[in-house]
Amino acid sequence: MQTFLKKRIEIMVEAPLVARVLALLDERNVTGYTVLPAIAGRGRGGSWHRDGLVGQAGAVVQIVSIVDESRVDEVLEPLFALVSRQIGIVSVCDVQVIRRDHF
Amino acid sequence: MQTFLKKRIEIMVEAPLVARVLALLDERNVTGYTVLPAIAGRGRGGSWHRDGLVGQAGAVVQIVSIVDESRVDEVLEPLFALVSRQIGIVSVCDVQVIRRDHF
Amino acid sequence: MQTFLKKRIEIMVEAPLVARVLALLDERNVTGYTVLPAIAGRGRGGSWHRDGLVGQAGAVVQIVSIVDESRVDEVLEPLFALVSRQIGIVSVCDVQVIRRDHF
Amino acid sequence: MIDLAVSNLLSPMVLFFVLGLSASLARSDLSIPEAIAKGMALYLMMAIGFKGGAGVAVHGIDSRLVYSLLAGLILSASIPIIAFCILSRATELSRVDAAAVAAHYGSISIVTFLAAMQALDSAGLRYESYMVAVAAAMEAPAIIVALWLARNGGKQPGPGTIHEVALNGSIVVLVGSFAIGGISGADGLKSIASFIVDPFKGVLCLFLLDMGVIAGRGLRDGRRTLSRAVVAFGIYMPLIGAALGMVAARIVGLSPGGTALMMTLCASASYIAVPAALRLALPEAKPSIYLPLSLGVTFPFNMTIGVPLYLFVASMFR
Amino acid sequence: MIDLAVSNLLSPMVLFFVLGLSASLARSDLSIPEAIAKGMALYLMMAIGFKGGAGVAVHGIDSRLVYSLLAGLILSASIPIIAFCILSRATELSRVDAAAVAAHYGSISIVTFLAAMQALDSAGLRYESYMVAVAAAMEAPAIIVALWLARNGGKQPGPGTIHEVALNGSIVVLVGSFAIGGISGADGLKSIASFIVDPFKGVLCLFLLDMGVIAGRGLRDGRRTLSRAVVAFGIYMPLIGAALGMVAARIVGLSPGGTALMMTLCASASYIAVPAALRLALPEAKPSIYLPLSLGVTFPFNMTIGVPLYLFVASMFR
Amino acid sequence: MIDLAVSNLLSPMVLFFVLGLSASLARSDLSIPEAIAKGMALYLMMAIGFKGGAGVAVHGIDSRLVYSLLAGLILSASIPIIAFCILSRATELSRVDAAAVAAHYGSISIVTFLAAMQALDSAGLRYESYMVAVAAAMEAPAIIVALWLARNGGKQPGPGTIHEVALNGSIVVLVGSFAIGGISGADGLKSIASFIVDPFKGVLCLFLLDMGVIAGRGLRDGRRTLSRAVVAFGIYMPLIGAALGMVAARIVGLSPGGTALMMTLCASASYIAVPAALRLALPEAKPSIYLPLSLGVTFPFNMTIGVPLYLFVASMFR
């Protein structure tokens, strides 16, 4: 089956920042993204857990966006600027997709 | 440590379709899969959010299945047929696993 | 934009075991990890679903940790020992990150 | 009339709905966790089902019960045809989209029904307990008719779709609780009244706060995707439905309260069960049309203007 | 007897359980969000713990309290041994699987206990308030005995496992609320009665709807993985447990109501705390055997036939 | 005094808080699903808002309402400045961290406020209904002042941040319910009293169980990250705040109950709204300092020692 090479950008970012990251992706005309919840984690700044009434501070959310290779840099630069002062991890990997037109 | 090359299939599909996708994977004797919830997203058809009482329409769910390379095509063809009329994104990437027998 | 090669370790493990896996990662001084919930799945041991009052037995949780290549083996060996008697799948893939110092 | 409308508009129920709607339009981050909203929906289904069943057990089965069910089925099957004809003429929607929208208006919104019941209680108007069963009966038929309209003789919905709609969780709870209420009767009701009767209205207020937020989101989406003609349809179609419901209720001989409920059922549009079914059975239809229309236009219209209007009209048959 | 059984079977509580079970078997998508189910479970634990503690505060500490706790501990430790012997002889299960199943039957199901308490309330039978504490005491010992059976002198459960079981969230809430109820007494109970007493029965109904769905899922899984001999064990073992519980209750001198509760505790099998503990301490045992057996066979059996039977037997000691 | 303190410490409310705290410190896995905790928080906001509004509708608008709001605003803006000065001198915190901590103490903890209201009810002390509005008014100003302190003339918080804080979901529900309560008045309150009044205290108990768990987690984190000087600040700062609140309440002429509430508001520190706002507006400040301090030190201190102390002091003005 024919597949096409794209990039999967995975952003783990602290919850209060999510709205800004999504606004950034919208601005850059990324075709789409999906936000996944996380329940716990640990980083250099300590550990967190989502049970109970907790505010957004500390908690992390995962954003996945599959984009064309040609768009990657255009998205990473401003993401880096945004995330550098905040809590956030951005990783990119190669994926094969079956519908070219979608991205 | 010795690892083995497998393929990680990631399917993001609208929630009402999940049962059909899983039935398809079962039919093709995929050894296993895991379904992860999503909380929000945006695509060409607009954005959605899972808070509040929302129906399944619009919401997306992520299905992850790690399979042997030899099985990939066998799974992708019918998945493509199923997803092509619906909302769904299928991506495949290479992964190394530590237990060969499991997949 | 300059990026750096790291490894993304993805662990799907039965819920009762999560605390032990995280303790192991802490012990090995992994810089961070994030735990994502799953809602359903199927493997050789049957299928499960998180709706309703269900205990932890059977349910699976996903742990994602991005680490430096040099640390991978150090983490995989004990993970393998831990997971081999239990329910768990460990996979590793290449990713590019934008902040080198973080891992 | 004005009294009724004002007292309905100033009831805590409607005020909480408006609060949610305004918060959502002002882009507040107010939101109710999905699990809580689903839990409240289950509770409301269980409560009205049980109360309806217990009511039937107490008052006995009415010969009108069967006629009302029949009327509901016929209305739910014929309203989509009317809606489809109107949409084909008055709007630019494609055949498939028109059929999909039509399905929503033939089916019902249980929350609107709840709001009408609560308004009747406040106004001291009585209604037939079995109207809950009529509501359940009206959920599904519209979908089948709409699929037939969309395909116009093409391939029919598989038995899978019908099974999925008929055994939909919320219908099972509603019908099941109705049956349990019928078996348990007044004693059963008394034994769990402090769970399903006393806090009911308060839970409904909190639930409507959530529905207001959701409706506001629908309204915002709708601004971008709906044409004027389609928005107008979302406002006059409930009135047409209500008129048909009124005629049917008079023929069956329902009480004024029952008439108001039948009008509300016909006027309301589904936004949970039908969209999910259509994504499977009619994936070509665009959710970005039918969801905002039903949720962002018709639902708020009914909550604020529709329901007091139907009550007023029905109360003239006293 | 037949009266008691019928009135129990037709109580809203059991009917909601059956509704959930049937919906699940008919493959309806009815489901209760995990968070809601956990919230209700917490509520039920808090409520029965508090009421039990307040009851003890009012009626004073009974010398039988200590004997009952002791009896519970001994039963919870010895029932697994009996179950293990039977399973080794009557079924094809491996040593490890037999030990794992045995652990479930020595421990208890708090939901079955709740259903029995509610049935006693409906039948107007009184019981000792401290039976809640007995229930808590019976959660853990069976696990330790079963691990010893599985290993037969091999490596013992680490202190980690025991700590995890003993400080398990639901035991903490149950025992903690019992203590708080004991400290707060009748005044404390009065001040929060409209939360933990009045809506209790209704919440239990909704909770049992969920448990029915889960049990139905267990039953479906069990059809594939359980042999006849194992299924049979899931039905006669509760009766053996109940008989032992009855003897112990008579020796301790419990009231008829307390006897029925002790029988229910011994007859019921755990499906939350024990499975989770065993996944850590005995990972070789197959969850696909012990989960469906406890949840899909024994739990529905106790809910429908077991509990009214134990009540009937216990009520003969009046 | 000792009577009041003991009866407060032995109230179910505080006991459930202590249960959660102990369970968390003993590393039990007790936890309440996030959705349930958020649902309860919404419920509590809705209930106190509505009751406050209905209270104002019944008793009429007091000239002191405006003065109290003003006093609240001034206190919320000036306490951070005092806190900042103390922190700069008495602790090793950086300018930015000191400003961030100061923001928390200028803002309020609504749960502490609820606990104080409940303690007043138990003690039979009355308070002004509009204190709820004062609480809402005190949420935000401290943040703006703290940002100014951190930047000291640098770039100011964008309108985005202010919008986010002011339209924060919980403030919207609190203020909105207050308005709805004011419009609906006594009749509205009566119609939903069995939801928002009767079970209130019980829900608060369950909620405080959760808050105890969270506070325990904060306490555990704090052990590692907080210096002694900072922990001490978390205990004496509430007393300074309470003293200021007392003076302001006397000037405005609040009742003893209202005085106790004003003291509690000034003494309490935010741990939800402010941390979230600061992550956006002041990301350089370390959450690992302000979260454990507010949640793990000041909150438990107020719940156990602070609130009864403020009540005692305020009750001397009778």
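By letter and in written order, the chains are A, B, C, D, E and F; residue numbering begins at 1 in each of them.
Simple rule for what comes next: a contact is a pair of C-beta atoms (placed from the backbone, for glycine too) under 8 Å apart; a residue touches a chain by one contact, two chains touch by 3 or more.
Predicted model only: the values in this text are computed from it and were never measured.
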Outermost chain relative to subunit C, judged by CA means, is D
Note, CA centroid farthest from subunit F's centroid sits on chain B
Cα centroid separation, subunit A vs subunit D, in Å, comes to 38
Chain-centre distance (mean CA atoms) for subunit A and subunit B, in whole Å, is 18
Residue ranges of subunit D touching at least 2 other chains are 31-36, 38-39, 194, 198-199
Listed in rising order, subunit C residues that touch 2 or more other chains are 36-37, 93-94
Listing every touching pair of chains gives A-B, A-C, A-F, B-C, B-D, C-E, D-E, D-F, E-F
In the complex, subunit A touches subunit F at residues 14-17, 20, 45-46, 49-58, 85-87
Interface with subunit C, subunit A side, in the complex: residues 10, 12, 36-44, 60, 62, 73, 76-77, 79-80, 83-84, 89-94
In the complex, the residues of subunit B that touch subunit C are 1, 3, 6, 8, 22, 25-26, 31-37, 61, 64, 66, 93-99, 102
Within their complex, subunit E touches subunit C through residues 31-34, 37-38, 40-41, 207, 210-211, 213-214, 217, 221, 225, 271-273, 275-280, 283-284, 286-288, 291
In the complex, subunit F touches subunit E at residues 10-12, 15-16, 19, 23, 26-36, 39, 122, 194, 198-203, 205-206, 209
